[in-house]
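Down below are the structures I want you to see.
The following pair of complexes shares a single chain, chain A, combined with chain B in the former and chain C in the latter.
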Partner chain A sequence: MAEQLILLTVGLPWLGALLCWAAGDRHPRLQHTLAVSFSVAAGITALLLIPFGNERLLVTLPIGGAFGDFTFSPDGLGVFLAAIATVIGSLAVIFSVDYMRGEAQLGRYYAFVLFFIGAMVGLVLTTNLLLMFVFWEITALTSYALISFHNDDPKAVAGGIKALIITQFGGLGLLIGALVLFAHTGGYDILAVIANPGLLPAGALAWMAFGCLAAAAAKSAQFPFQTWLPDAMEAPTPISALIHAATMVNAGVYLLARFFPAFEGVAGWREAVMAVGMLSALLAAVMAIVATDLKRVLAYSTVSQLGYMVYAVGAGSVFAAQFHLLSHSVFKALLFLGAGAVIHSVGTRDMREMGGLGKKIPFVRLVFVIGALALTGLPVLNGFWSKELILEAGLEPGNPLWMLIVMLVVSGLTAFYTFRMVWLVFYGQPRAELHAHEAGTAMKVALAPLAIGTMTTWLLAGSFSRLLSESLPAQQIAAHSTGEILREVLTASVTWIALAAIGLGLAAWWQRDRLAGIGRAFSGLGKAASNSFGFEDVNRAVVMITQNSAEKLRETQTGMLSVNVAYLLAALIVVMTILALGVGLP
Partner chain B sequence: MNANDAFLLTLGLPVVASPVIYLIGRIATRKYPKVDLARWLALLTLLVDGYFLFIVGTEFIQTRHELLIAVGAISLRLDGIALLLAVAVLALGTLVTLFSGPAIARDSGRETYFALLTAMIGTIIGLGAADDLFNLWVWFEAMALCSYVLVAFYRNEAAALEAGVKYLVQSALGTVLVLLAIGLVFANTGSLDLEEIRIAAQPSGLMLAAGALFIIGFGVKAALVPLHTWLPDAHSQAPSGISAMLSGVVIEAGLVAMLRALGALHLVTVSWGALLLGFAAVNMLVGNLMALRQTQVKRLLAYSSLSHMGYILLGVGAGAVLGSENSAAGGFFHILTHAMMKGLAFLAAGALLYSLHQALGNHDPLVVDDLNGASRKYPLTAFAFSVAVLGLGGLPPLAGFMSKWQIFVGGFQTGNAWMIALVVFAALNSVLSLGYYAPLVNRLYRRQPASIVEQGKPIPVLMSVPMVILSLGVVVLGLWPSLADWLTGPAAQSLLMLFGG
Partner chain C sequence: MTISIPTTVIIMVLGLIGIGIYALLTTRHLIKVVVALQLLVKGAMLALVLAGRLTGQEDLGQSLAITVIIADTIVAVIGMALAVQVRRVIGTLDLRSLTSLRR
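What follows is the complex of A and B.
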C-alpha cells in the first residue's frame, strides 16, 4: 500500500504536468482544471501516506551499477515534508487559477509547477543519495524555469539564471557527498551511513558533511549564497509562495536534518551550521528593515527564518527545526499569497506607493495580519511555539551563548520589519491613487485554509514529535505530548526574554518618529544593507571576470591558418617534452 | 546468417553502395528531378546495414567473443569499442540522412552528399574495427576525405570553402604526423599488427616520440585543444546534418583511433592516460569559455563540443591510466549521449536555420537573436532544442546527467587526489556551461517572437521525425541509464584490456 501511495504522490503530479502541457494553451480552463485536480489528488495521497510514517518500510526499484537501487522510505521526516509540498502545492495551484487568469503559456507554467511538486516529494522520500541529488537538480531546473517564466522580462531571466547558477554551484557539495559515499561504500544508501557514521573514514565523512552544508546553504539561500532568493521574486507570486518559501528552500534544512546523526560528530560541523544559520538570520533581518519591495521583504524574511531552522539543527534539535519548518511553511505561504493578492489588486510591488489598503481589501488584510503575527512570534499562533523551541535548543550545553543572544536580537528585528511591512501596506494614509479590488474566490479558497493552519498547526506538536521519534531511531528524538511541549515553552525563561525582545521591536516601530535620531546614526548600516552588504558586488565581479576572460580567450582563435598550424607544432613539442621528462601520475 | 559474414557486410555495404548511390542519383536527377533517389537509396543502405549490425551485435553480446575476420591481408576485429562506435554512427547517420533530405533539397550536388555520407559511415565502422596500423590509417584517411567534401558542401559560399580548406590543411598535417609515427613504430617493432606491437613495443625515446605523434596527429581530428582551431568554422559552415555527424561521431572516431594506437604502445609508458587527462582539463575550460561569448548558434554548439570532448577524455583517460571501469564506461556512455544530444541540438538549429534563412534564400548564419520567441511558431523544434541543450548542461532527468555522473563516480572510486580534483573541476565546468545553455532556452520561450520568426517558413515533417526520436532517446536514457549498459560495459572492458595488458 505504501509503495503505491509513494508512486502516486510522485507520479500524479508528473502525469498532470504532461497532461497540462499536452492540453495546449488554447484550452486554459482545461489546463486550470487538470492542474488543480492532479495537485489536490497528490495532496490526498501524501496525507494518506502519513500513517505509514511510523513503520520502517523500504520501497525498492533495482537499477544497479553506478546508479545504485532507487529506494524510498516513508518515514516521519519524509512524509511530513511530502504532505507540506503537496498540500501547499495544491493551494498555490488553486490560487494560480485567479492569479494567472488570462496569462499566456499556461501549459509551461502548470507543467513546471506540477513537475516541481513531484520532484520535491521524491526528494524527501528517497533514501538513495544519487536519486536525492537527481530530484534536487530537478527542483533547481523547475525553479529556474518558473522564476524566468516571463522570458520577455530581462530581470526575470537574469533572476532565473542567477538562481540556477548559484544553487547548482552549491549543489556540487551534495554531488561530492554522494560520490564520496559511493566510493567508500559501493552504494548510495543514506540510512546506512546515518545509522553508522563509522562506515566512512573520518576525512571522507568531513568532506561529505561540509559538502552537504554548502549544498544546503545554497538551496536554502543561506549565508553566503543568499543573494539569489530576493531576485527570484520576479517569479509569479504563487511560485514565490510554493517554491521559494514553503518547499524548495526547505530542502536544505531537510538535508541537514536528515544527515544530522551522521555528521554531528564531525569536528566543527555543528558550530559551522549554527554560524551559517545565525549569520543568515541576522543579515537578512537587517536587509528586510530597509527593503521597499513587498516581496523582497518577505524573501529576506524567509532567509532569516530558514536561518533559525538551520541554527536549530546545528544546536542539536532536529525536532525544533522541523516544527518551525511546518509553522513557517504555512504562515510564509499565507504571507506570500496574501502579498500576491495585494500585488494583483493594486498592480505594484513597491510599498512606498501603498498605504491604507486595509480599508479596501479587508479580507486580505485579515489573513495577512494573522501571518504577520505568526512571523513575529506572538503567542497562540504557530510561529510563537516553534520559534521558542528553537531558542530553547540554543540554551543546550555546548552551544555558544552569544549566538543565542544574537538570535534573540533578531527576534526583535523580525518584529520591527514585520510591523513596518504591515503598516506600510495596510494602514496609514494612502500614498498613491491606487485602485484596489478584493481577492477573487480561488484566492480566498487558497488563503483561508492557510490562515486557519497558522492558528492551529501548533496543536500537532505532540503527534509530530511522536512520528519523528518512532520513525527516525538514529536521530534520538524524544517523544512528548502536546501539553508537555506547550508547558515547556511557557515556563522557559528564554521565552519571556524573547517576548521582551519582540515587544521592544514593536515599540521601536510604533515610536519610530521619536527614534529617528537612532535611525540616522545607523544610516550607514542601512545603506550597506540596501547594497546587500557587498554580496551582489561579489556576484557581479565573478560574472565580469568570467566574461572578460572568455572575451580575451577569443583572440586565440585568429582564423589564420598559419597560426593554427603553429599551435599544432607547439603542442607536439610540449607533449614530447613532457614525455621526455617522464611525467607519470603523482 | 553467420556473424562473421554479417560483420563483413556491415563494413562493406556502405562503402560499396556509395558509388552506386552517386551514379543512380546523378542519372535520376536528370530524368526524374522531383524524386530524390540518392537520399532514399542511402537510407535503404543504412537500414539494411543496421540489420547486419544487429546480427553482429547480438552474437558479440551473447558470446562475449571478439569477432575476427580477415580479407586478404586486411584483418578486422570487432570488440566492445568497435561495436559502440558502429551503433552510434549508424543510428545517428540514419537520422541525419532522413533529416538531410529536405534540408538540402534545393541544393545541387545532393547525390555527392548522400554518397559521401554513406561512405563516411562505412569508414567509421571500419576505423573502429581496424586491427593493424595501416588499416587504421586507411580507414581514418578515407573518413577524413569524405568529411572534407561534406564540410565544403556549400561550395558557392566563401565561408564554407574557407572552413573546408582550413580543415583539410590541418587534418592533412595531422595525418602526416600519424604516418611518421607509424613509420617509427614499424622501424622499432618490425610489425604493423596492433597485437604484435603490444608485445614488442619497448620503452625508448623513439617510441615516446611515436606516441606523441599519434596523440597530436589523431588529436587534430579528435579536437584536442589547441589542435581544435578548425572545428568552429567547419561545424558552423557545414550543412547541419554534417555538423551533427562531425560533433557526434567523427571527432569521437578520431579519439578511438588514438586509443587504438596508444593501446598498442601501452608498455612504453603509463603517461598516455595522464596526457589525456591533461588535455581533458584544458578542453573543458577552453570549450566552455569560448562558447560563452558566441552569438552564432552553430559556433556556440561547436565550441561546446570541445568541452564535451573533455568529459569523454576524462572518462577514457581515467580508465586508461587508473584502470577505472566506471570512468571508462562513463566516457563511452558520454560518447553515446553526446552524439544524441549534440546531434539533436544541431538538427534543431539546422531546422531553424532552414526555415528562417535557407528557405527564404539567404545564407546568413543562425544567431541567438533569431531564437527569440521561436517556440510560438516551432514548438516541437524549440522543445527538442531545449531538451538537447539542458541535457548537455547536465540537468536531470536527461541523459547527459547520467553519463557525466558515471564518469564522476569512476573518478572518485580511484581514490586518487588529482583525479578527484579533476572531477570537481569537471563538475564546475558543467555549472559554467549552464551560463550559455540556459539563456538559449529562455530566448526560445519568449512571448514576443522575433520578426524573422514571424516570416519563417514551416519545417518539413521529415526534419521533425529525427528530432522527436532523439528527444525521446535523451529523456529515456536519462530516466533508465542502465539501458545502455550492454554497449558501454563491453567497451569499457575492451579499453581496460587495451591499456592494462
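What follows is the complex of A and C.
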C-alpha cells in the first residue's frame, strides 16, 4: 500500500506534466484543468501517506549494479515534507489559474511546475544518496526553467542562470558527499550512515559533512550564497511562493536535519551550521529593511527565516527547525500568493508606488496581514510558537550565547521590516494612481486555506513531535503533547525577551520619523545592505567566471570527427594507464 | 617457430582496430568513415570470439559476435542512408563542411 502511494505521489505530478505538455497550448482550459486535478490528486496521496510515517517502512525498487537499489522510506521527515510540497504545490497551481490566465505557453509552465513537485517528493522520500542527488538536480533545473519562464525578459534569463550556477556549486558538495559514501561503504544508503556514522573514517565523514553543508547553503540561499534568491523573484509569483519560499529552498534544511545524527560529532560542524544560519538571518533582515521591491523583501525574509531553521539544526533541535519549516512554508506561501494578488491587481512590484491599497482589496489585506503577523512572530499564530522553540534551542548548554542574542536582535528587525512592508503596501495615502481590482475566485480559493493554516498549524505541534520521534530514532527527538510544548514556550524567559525585541522593532517603526536622524547616521550601512554587503559582487563574479570558462571550453567542441576520436583515444589511454597502475582510496 | 592460433587472432584484432582508428582519425569522407567503423567493430567482434574461446565460454562469445554483426549491419545501412541524404541536402560528403550541421 505504502509502495503504491509513494509511486503515485511522485508519478502523478510527472504524468500530469506530460499530459499538460501534450494537451497543447491551443487548449488552455484543458491545461488548467489537468494541472489542477493532477496536483490535487498528488496532494491527496501525500496526505494518505502520512499515517505510514511512523511504521518505519522501507520500499525498495531493485535496480542493482553500481547505483544500488532505489529505496524510499516514508518516515516522519519525508512524508511531512512531501505533504508540504504537494499540498502547497496544488494551492499554487490553483492560484495560477487566475494569475497565469491569458499567458502564452502554459504547457511549458505547468509541465515544469508538476515536474518540480514530483521531483521534490522523490527528493525527500528517497534514502539512496545518489538518487537524492538526481532529484536534487531536477529541482534545480526546473527552478531555473521557471525563473526564466518569461524568456524574452533579459532580467528573468539572467536571474535563472545565476540561480542555476550558484545551486550547482551546492550540488557539487552533495555529489562529493555521495561519492565519499560510496567509496567507503560500497553503496549509497543514507540510513546506514545515519545509524552508524563510524562506518566512515573521521576524515571522510568531515568531507561529507561540509560538502552537505555547502549543498544546503546553496540550495537554501544561505550565507555566502544568499544573493541568488532575490534575483529569482523574476519568476511568476506562484513559482516564488512554491519553489522559492515553501519547498525547494527547504531542501537544504531538510538535508541538514536528515544527516544531523551522522554529522553532529564532526568537529566544528555544528558551530559552522549555526554561524551560517545566524549570518544569513542577520544580513538578510538588514537587506529587507532597505529593499523597495515587494517580492524582494519577501525573498530576503525567506533567507532570514531559513537562517533561523539552519541555526536551529546547528543548535541541536531538529524538531524546532522542522516545526518552523512547517510554519514558514504555510505563512510564506500565503504572503507570496498575497503579494502575487497585489501585483496582479496593480501591475507593479515597487512598494513606493503602492500605499492605501487596503481599502480597495480588503480580502487580500486581511490574509496578508495574518501572514505578516506570523512572520513577525506574534502570538498566537504559527510563526510565534516555532520561532520561540528555535530561540529556546539556542539557550541549550554548549551553544554560544552571543549567537542567541544576535537571533533575538534579528527578530526585532523582522518585526520592523514586516511592518514597513505592510504599511507601504496597504496603509497610508496612495502614492500613485493605481487601478486595483480584488483577487479572483481561484486566488481566494488558494489564499483562504493558507490563512486558516497560518492560524492553526501550531495545534499540530504534539502529533508532529510524536511522528518525528517515533520514525527518526537517531535524531533523538522527545515526544511531547501540544499542551506541554505550549507551556514550555510560554514559561521560557527567552520567549518574553523575544517579544520585547519584537515590540521594540514595532516601536521603532511607529517612531520612524523621530528615529530618522539615527537612520541617516546608518545610511552607509543601508547602502551596503542594498548591495548585499559585497556578496552580490562575489556571486556575480562566480557566475561570470563560470560563463566565460564555458565559452572558452566551447572551442574544444569542434564537431570534427577526427578530433573527437582523438579525445576518445586519449581518454582510453588514461583509463588503461590508471587500471594498469592500480588505484587506492585516499 | 610456430605461431599459435590465439596469437594470430590477437594480431588480427589489433590490426583491424588499429586500421579502423587510424582511418577515423585521418579520413574526411563520410562513406570512408562508415567503412572505418565497420573495420573497427569487426576487430572488436573477433576479440569477443577469442575471449569466449580463451575462457571456455565459446557459445557465449559466438552469440555475442552474432548480435554485434546484426547491430553493425544496421549501423552500416543507416550510415549509408545518412550519407545519401547528406549528399542530397548539403551537396558534399566532406566532414569539415558538416561540423555545424547547418546547410
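Rule of thumb we're sticking to: the second predicted complex is superposed on the first by the 539 of 586 C-alpha atoms of A that agree within 3 Å, B and C clash if a C-alpha of one lies under 4 Å from a C-alpha of the other, contacts with A are read in each partner's own complex, and residues count from 1 in each chain.
Assume contacts are C-beta pairs under 8 Å (C-beta built on N, C-alpha and C of every residue); 3 or more make two chains touch, one makes a residue touch a chain.
Quantities reported herein were computed from a predicted structural model and do not represent experimental measurements.
When the two complexes are overlaid on their common chain A, residue A:I165 makes contact with chain B while staying clear of chain C. Of the two partner chains, chain B is the only one that A:A571 touches; chain C does not reach it. Within the superposed three-chain model, A:G371 lies out of touch with both chain B and chain C [touch as defined at top].
Looking at the shared chain after the overlay, A:P261 reaches neither chain B nor chain C.
After overlaying the two complexes on the shared chain, residue contacts for A:R554 are found with chain B alone; chain C is out of touch. Counting the residues of chain A that each partner touches, chain B and chain C differ, and the larger count belongs to B. Residue overlap on chain A between its contacts with chain B in one complex and with chain C in the other: 559, 561, 565. For chain A in complex with chain B, the touching residues are 63-67, 104-105, 108, 130, 134, 137-138, 140-141, 144, 148, 150-152, 157, 160-161, 164-165, 168-169, 172, 175-176, 179-180, 182-183, 546-547, 549-551, 553-554, 556-557, 559, 561, 563-565, 567-568, 570-572, 575-576, 578-580, 582-586. Interface residues of chain C facing chain A in the complex, by the touch rule stated above, are 21, 24-28, 33, 95-96, 98-101.
Listing the residues of chain B that touch chain A in their complex gives 165-166, 169-170, 173-174, 177, 205, 208-209, 211-213, 215-216, 219-220, 224, 226-227, 229-230, 232-233, 269-271, 273-275, 286, 289-290, 292-293, 321-322, 326, 329-330, 390, 395-397, 401-402, 405-406, 408-413, 415-416, 418, 423-424, 427-428, 430-432, 434-435, 438-439, 442-443, 445-448, 480-482, 485. The residues of chain A lying in touch with chain C in their complex are 558-562, 565-566, 569.
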